[in-house]
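A, B, C and D label the chains in the order they appear, each numbered from 1.
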Amino acid sequence: MKVLSSYKNGRLTLFFKGELDHHSAKKVMNTIDQLIDEYLPRDCVMELSGLKFMDSSGIAVILRVYKRMNEMGGRAWAENPPRQPMRVIDASGIDRIVKISTTMKE
Amino acid sequence: MKVLSSYKNGRLTLFFKGELDHHSAKKVMNTIDQLIDEYLPRDCVMELSGLKFMDSSGIAVILRVYKRMNEMGGRAWAENPPRQPMRVIDASGIDRIVKISTTMKE
Amino acid sequence: MKTKNYIKMEFPSRSVNEGFARAAVACFAAQLDPTLEELGDIKTAVSEAVTNCIVHAYPDSIGKISLRARIIDNNTLEIVIKDWGKGIEDIEKAREPMFTTGGEERSGMGFTIMESFMDKLRVRSSPGRGVTVTMRRRIAVRTAE
Amino acid sequence: MKTKNYIKMEFPSRSVNEGFARAAVACFAAQLDPTLEELGDIKTAVSEAVTNCIVHAYPDSIGKISLRARIIDNNTLEIVIKDWGKGIEDIEKAREPMFTTGGEERSGMGFTIMESFMDKLRVRSSPGRGVTVTMRRRIAVRTAE
């Protein structure tokens, strides 16, 4: 599991790649915490299309990023979850708290 | 595991696809026996490039096809094994009996 | 119910084994010819149950986890995951969505996901003696190509 | 030798479990970061040993197969595959290339392949009481990306 990132005009985009479970979640959250501390972004986009697998540990990560951004007065949302992560998101109901959107890819 | 086939001008080509182990070998050998009975080919080419896995059960299959063709006065050889099957072929030494060749793919 | 095939596994409660456990069950389930979606559901449920053993059953030590899977009548996969750890006092409460004793790193959605992804979920525990989670999922029979 | 991680598995001698066993060991071995070639060698050796249990140990019945894998010092994977079947009378002879009691469907190359793909191979048996095959393979440590 890896998190790549890009930053532009106040927006931090996090690219999730691989399998996000309890084993990988702690390292992922540390990486993200450091990136947020470094850029202090206004928006934080979690781009999920590279996820090969995600369980409820991923739900906890998404919620934590959302809360951190919220506390800073910023916004956070998730984009383009593949089918399996989307089913986990659906079952958890976090889409009532965090926006999950689908963007068109060129 | 599947065996697809094509026949042209006395040459039967067998396309091996999937994992060739003891579990699949019996069915594979039956399929091949039927094809040989049907076409009575002069040459029989075992095209291995579609193999995802092969163990010594595959060695037995290749040897049996070779012997059957030999008994009929025909020829048989194997083509284009991927890396893992090639290592099994090397370790078994059957390349001293059955020709293993590599063709260029267009 | 007649068992058509089974596997029993045992491994220590190391988090690296979460990925192993769900992959191994997926390999075993393959003989039922599941769709990618069915396989994804089963892997997710296994991941939740195994993670619970690692996080909650043995919070400060490495303990033993047992995972059994078997194929029973009606194209159904049964999975039993067992630990010998802390146990759960109030199972009903533990199964509620969002309930967690695991702090910020847990979402409290583990049992909810197991329940919604599998056809049946049974949780048994006696405090101090561990937890046994039993799950069943029927795989739809598809007509051959 | 210190065991860093392990799995124990048990499954019946059905041929469909050959694919399961090698895939499960590959999933477990993944934590040693093997190359595709190392993984292919390990899968092949496991496939040979498990097939032997199915074909030779229990020729006319379904018996129990045990598979243990563990990670020991020096980035090494140890695999122990055990059955409680017919056993082997003359192990030295059985290990010779091309020797088989299995007829046309077997090549007699199983042990030869295990031996050439693994660093160590030990075969133990007492006739009527089964066979235990122990194999070790060191995984080369690669420098991180």
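Keep this in mind: contacts are C-beta pairs under 8 Å (C-beta built on N, C-alpha and C of every residue); 3 or more make two chains touch, one makes a residue touch a chain.
What you are looking at is a predicted structure, and each value in this text was computed from that prediction instead of being measured.
Undergrad: Spell out the chains that contact chain A while also contacting chain D.
TA: C
Undergrad: Between chain A and chain C, what is the gap in Å from one C-alpha centre to the other?
TA: Each chain's C-alpha centroid was found; their separation is 25 Å.
Undergrad: What whole-number Å value describes the gap between the mean CA coordinates of chain A and chain B?
TA: 49
Undergrad: Could you grab the centroid distance between chain C and chain D? Build each centroid from C-alpha atoms only and quote it in angstrom.
TA: Chain centroid spacing, chain C to chain D, equals 27 Å.
Undergrad: Among the residues of chain C, which ones contact at least 2 other chains?
TA: 16, 19
Undergrad: Touching two or more other chains, which residues of chain A qualify?
TA: Residue numbers touching two or more other chains: none in chain A.
Undergrad: Check the chains against each other and report every pair that touches.
TA: Between chains, contact exists in these pairs: A-C, B-D, C-D.
Undergrad: Would you tell me which residues of chain D are touching chain B in their complex?
TA: Interface residues on chain D, with respect to chain B: 15-16, 18-19, 22, 36-37, 40-41, 43-44, 47-48, 51, 54-55, 97, 104-107, 109-110, 112-113, 116-117.
Undergrad: So in the complex, which bits of chain D are touching chain C?
TA: Residues 5-12, 14, 16-17, 19-20, 23-24, 27-28, 30-31.
Undergrad: Help me check something: in the complex, which residues belonging to chain A touch chain C?
TA: Residues 19, 21-23, 25-26, 29, 53, 55-57, 59-60, 63-64, 83-84, 87-88, 91-94.
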